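As structure tokens, here come the structures.
Look for subunit A in each of the two complexes below; its partner is subunit B in the first and subunit C in the second.
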Partner chain A sequence: MDISITGLSKSYTTRKKVLSDIDLTFQAGSFTAILGPSGCGKTTLMRCISGFLNVDQGVIRFGDQEVTHLPPQKRGTAMVFQNYALWPHMTVYENIAYGLKIRKYSKQEIEKKILAILETVEIDTQDVKKRYPSQYSGGQQQRIALARALVLEPKLLLLDEPLSNLDAKVRQRLRVEIRKIQKDLGITAVYVTHDQDEALSMADQIVLMNEGKIEQIGSPENIYKHPQSYFAAQFIGTSNSLQVEYRDGAFYIGQQLIYIPQSPPALNKMSYDLVIRSKDARVTQDRELESELLSFQGILRESLFTGSGYRHWLEVERQDIYIESEENIPEKGLCFVQIPREKYFLYSREEAI
Partner chain B sequence: MTSVRTRIAGMALFVPAIFILSVLFVYPFFRSFIGSFRVNNHWGLQNYLTVMDLYKGDILYTLAISLASLLILLIFAIILGGFLRLKQNTVLEFLFKIPLFIPFVVVGHAMRVFLAPHGTLNAVLAALGLVNLQNPPSLAFSATGIVIALTWKNLSFALLMMMGAFRSIDDSYIEASYNMGAKSLRTIVSVLMPMAKGAIAVSAVLIFTSMIGSFSIPIMLGAGNGPQMAMVDLYYQIVYQNNYGAANALGVISYLLSMGAAIYYLRMVTTHER
Partner chain C sequence: MNAKLKLFLKFLGYACAIFVIFGPISSIVLWSLAQKWYWPHLFPQELGLFYWQKVLGGNIMHSLALSFYIAILVTLLTLLFTVPMSYLLARYKIPAKGLILTLFLLPQAFPQLPVFTNAMVLLYRWDLVGTMPGVVLIHLVGALVYSVWTLVSVFRSIPIALEEAAINVGASKLRVFFTIALPNAIPGIIAASLLVFLYSLDEFTGTLLIGSPFITTMPIYMYKTAMGYEMQVAAITALLLMLPGLLLLFLIEKYLKSQYLATFGRG
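The block that comes next holds the complex of A and B.
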């Protein structure tokens, strides 16, 4: 069952729209990450889908059924919250049984379902009837919360930054496991996050949002390799941006002439943003003049050892950029930055506004 | 050096509070307590025997009225507070808070007007053909009248306490409940109420204590004959019998009832708290 959103708009006050003209489809069994900086409207969008917020305009469909104005109880979505939201006064078992009791399953069925789902999320079933959520670690609590959501066999699983409160190691592990469980159960999932690594590694489809609008929709690879806007390019990956100017028939960074094989703009003068991913550029001390490479000079200020390599801080025409590479550069001072043609992105300023 | 000085300064800050508590509460209570064991300049338990003899039924009546009012009140306050927590309604909330600013005597009088045999309630019921005004039933001047008035008067305070406790519960717990398919009432009973049980117990104790000690509402709305609430008896002992010994004994018993309730509930709350 596909889930579709058409022309959705939402505003809290009359002045500013929190969401405008959202068009989206979540394919049955797919995993979609809604990615964006804080305040981009991603949580609002999720709350509209789950029914906690009324939309101003637009239609939400679960398969053939229109759910735009259904209350949250009747949508058949299940949500996993950032703070787990496990009820502290109920045992783990009671927490998971809550929704099943409302659906009037028999005691035996409830028990069977709970034991099965706990197995899926790898929580020891031994004493779940006696233990309370606070007796479990954060990662385990989120597994329990996931079990509570999954046990209802929801039409749509909604995850609202579920890993943000956990430490890095647990987060890495749960990412893989959530994805695996989602695939095994064939459930449609929507995952809200501000963490691009999470979105890139887990999702089939990424919806990149900014200021209440969809910036780009695509597969993780597509979004990473072909960012369609300045925002997309600088948000994804560890990116640097440099101001580039077109004047007198050529491109410049500050006073430095650079060669960019791009048809000149209609105007005589124009500003651009050049986006470079930290990992895609190379820093060298002797310049290789290759037409395959974009190349410019800068001053190496500092190199930091990061374990797997080095992080170089360069100043290019009074603008700072950071390049990561495996090799160390022993001498500070003049050096060159070189980037393969397909690895940098140039956006005219009009687009960025 | 400084530690001694800060310690003295710290203690000095307590002095006004301790002074006020001593003068206004500890000393009078102590005098009542001592006085309750004095009969004609002798020590003895005679006052307690008198009170037990005269008022055993009234003490039970006081307890029963207070407990009944408290129970009805808590049900109302929890459900009403719960709905106001789930669905914001500032107007309704304000309306229910108004009784907080109305004195007991005024509530007593209003209830008399409302519940009397020829009062507002019966007039409305008669207009609907439900009550015969030739021989009207009376809710005022009965135990029911006291229960209704006590419940109504304390509702705003109870609601204030519930709202405070319910508001401190994060939205996600409520949304999780809705999301699992629960309606509002189930969410109130299964999520809000148990999560706020500490605050509910504390307000129950506070309200129960004030109900046991209530005077103006029982005297204005109670039946003229038949059982009376403890504070009414206490008033009669002082004003009509001039028997301060018995009045003190009754006061001490009422105090112990309130204290007992407080200790029982607070212990229950602390042992169940995880």
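The block that comes next holds the complex of A and C.
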């Protein structure tokens, strides 16, 4: 069952729209990550889908059924919250049984379903009838919350930054496991996050949002390799941006002439943003003149050892950029930055605004 | 030296605290046991349980029972009214929410005496002066304030995600209230009801104005006997009035330690 959203708009006050003209489709059994900085409207979008917020305009469909004005109880979605939202006064067993009881399953059925789902999320079933959520670690609590959502076999699983309260190691593991469970059960999932690593590593489809609008929709690879806007380019990956100017028939960074094989703009003068990923550039001390490379000079200020390599801080025409590479550069001072043609992105300023 | 000084100061602190807390109480205890105590003697000349026997055998038991009866009734009525109302105020958009809350604070903003005297005029008109319903009503004026203001913040402190999680799995709003909000608010509700109970038990001004001459609660009884210079009876009444407070404080301690209070937002 595909889930589709068309022309959705939402505003809290009359003035500013929190969401405008959202068009989206979540394919049955797919895993979609809604990615964006805080305040971009991603949580609002999720709350509209789950029914906790009314939309101003637009239509939400679950398969053939229109759910735009259904209350949250009747949508058949299941949500996993950032703070788990497990009920502290119920045992783990009661927590998971809550929704099943509302659906009037028999006791035996409830027990069977709970044991099965706990096995799936790898929680020890032995004493779940006696223990309370607070007696479990954060990672385990989120597994329990996941079990509580999954046991109802929802049409749509909504995850609202479920891993952001956990420490790095647990997060890494749960990422892989959530993805595996979602695939095994063939459930449609929407995952809200501000963490691009999570989005890139888990999702089939990424919806990149900014200021209430969709910037780009695509597969993780597509979004990473072909960002369609300045925002997309600088948000994904560890990116640097440099101001570039077109004047007198050539491109400049500050006073430095650079060669960019791009048809000149219609105007005589124009500003651009050049986005470079930290990992895609190289820092060298002698310039190799290769037409396949974009290259410009800068001053190496500092190099930091990061374990797997080095992080170089360079100043290019009074603008700071950071380049990561494996090799150390012992001498500070003048050096060159070189980037393969397909690895940098240039956006004219109007687009950036 | 420093350690010794610290120990000394600590000791001094404890001694002060004990003196401040138990000094007045010990005087009351002494008075309640004094059968004969005339100036200039430092301690009573004759100790005994005479007045205790007199008090426990006499009218005071009636007052004590009446006080508890009224306090329990007031507490139950208050909870019945304020628990759902506080939940609504805490969770839903209600027109003139600020006004409603201020309205509840209003009787406390003015001195008690004029408020109660004006209430008395009204209650005379309805023929409620000197009756139980009248006293209960006048106690409710103060009790509702304490309860609403405590309970609104209790309900607000429950993470809203807990309730949304329940709605999300299909629970109706009524069910969410009874199975999620209410159980999580219980420590707060107990605290609020103890506050109300103690308030009603110790309420004096309103009871005196509305209840007399027929309704004699413990504080009124104490006032009347102390007026008659029966210091012993007043002392015993004071001690008896202290007991429920102590007991309830003990209960608060016990309930506020209940395990699920500590679980919110644990990571």
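Simple rule for what comes next: the second predicted complex is superposed on the first by the 353 of 353 C-alpha atoms of A that agree within 3 Å, B and C clash if a C-alpha of one lies under 4 Å from a C-alpha of the other, contacts with A are read in each partner's own complex, and residues count from 1 in each chain.
Everything below uses one rule, namely that a contact is a pair of C-beta atoms (placed from the backbone, for glycine too) under 8 Å apart; a residue touches a chain by one contact, two chains touch by 3 or more.
Remember, predicted model here, so these are calculated numbers, not experimental data.
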Subunit A as common anchor, with subunit B and subunit C clashing or fitting: clash
Partner chain(s) touched by A:R171 [first = subunit B, second = subunit C, both, neither]: neither
Which superposed partner A:R143 touches (first subunit B, second subunit C, both, neither): neither
Which of subunit B and subunit C A:H194 touches, first, second, both or neither: neither
First, second, both or neither for A:K155, with subunit B first and subunit C second: neither
Touched partner set for A:K17, first subunit B, second subunit C, both or neither: neither
First, second, both or neither for A:K42, with subunit B first and subunit C second: neither
Contacts of A:P133 with subunit B and subunit C, given as first, second, both or neither: second
Residues of subunit A contacting subunit B in one complex and subunit C in the other: 50, 52, 72-74, 77-79, 81-83, 85-89, 98-99, 102-103, 132, 134, 148, 152
Footprint of subunit A on subunit B - complex, ascending: 170, 172-173, 175-183, 186, 190-191, 194-195, 197, 274
Residue ranges of subunit A in contact with subunit B within the complex: 50, 52, 71-74, 77-79, 81-83, 85-90, 98-99, 102-103, 132, 134, 148, 152
Parts of subunit A lying in touch with subunit C, wherever the complex brings them together: 50, 52, 72-74, 77-79, 81-83, 85-89, 98-99, 102-103, 132-134, 138, 141, 148-149, 152, 165-166
Contact footprint of subunit A on subunit C as seen in their complex: 159, 161-162, 164-172, 175, 179-180, 183-184, 259-260, 262-267
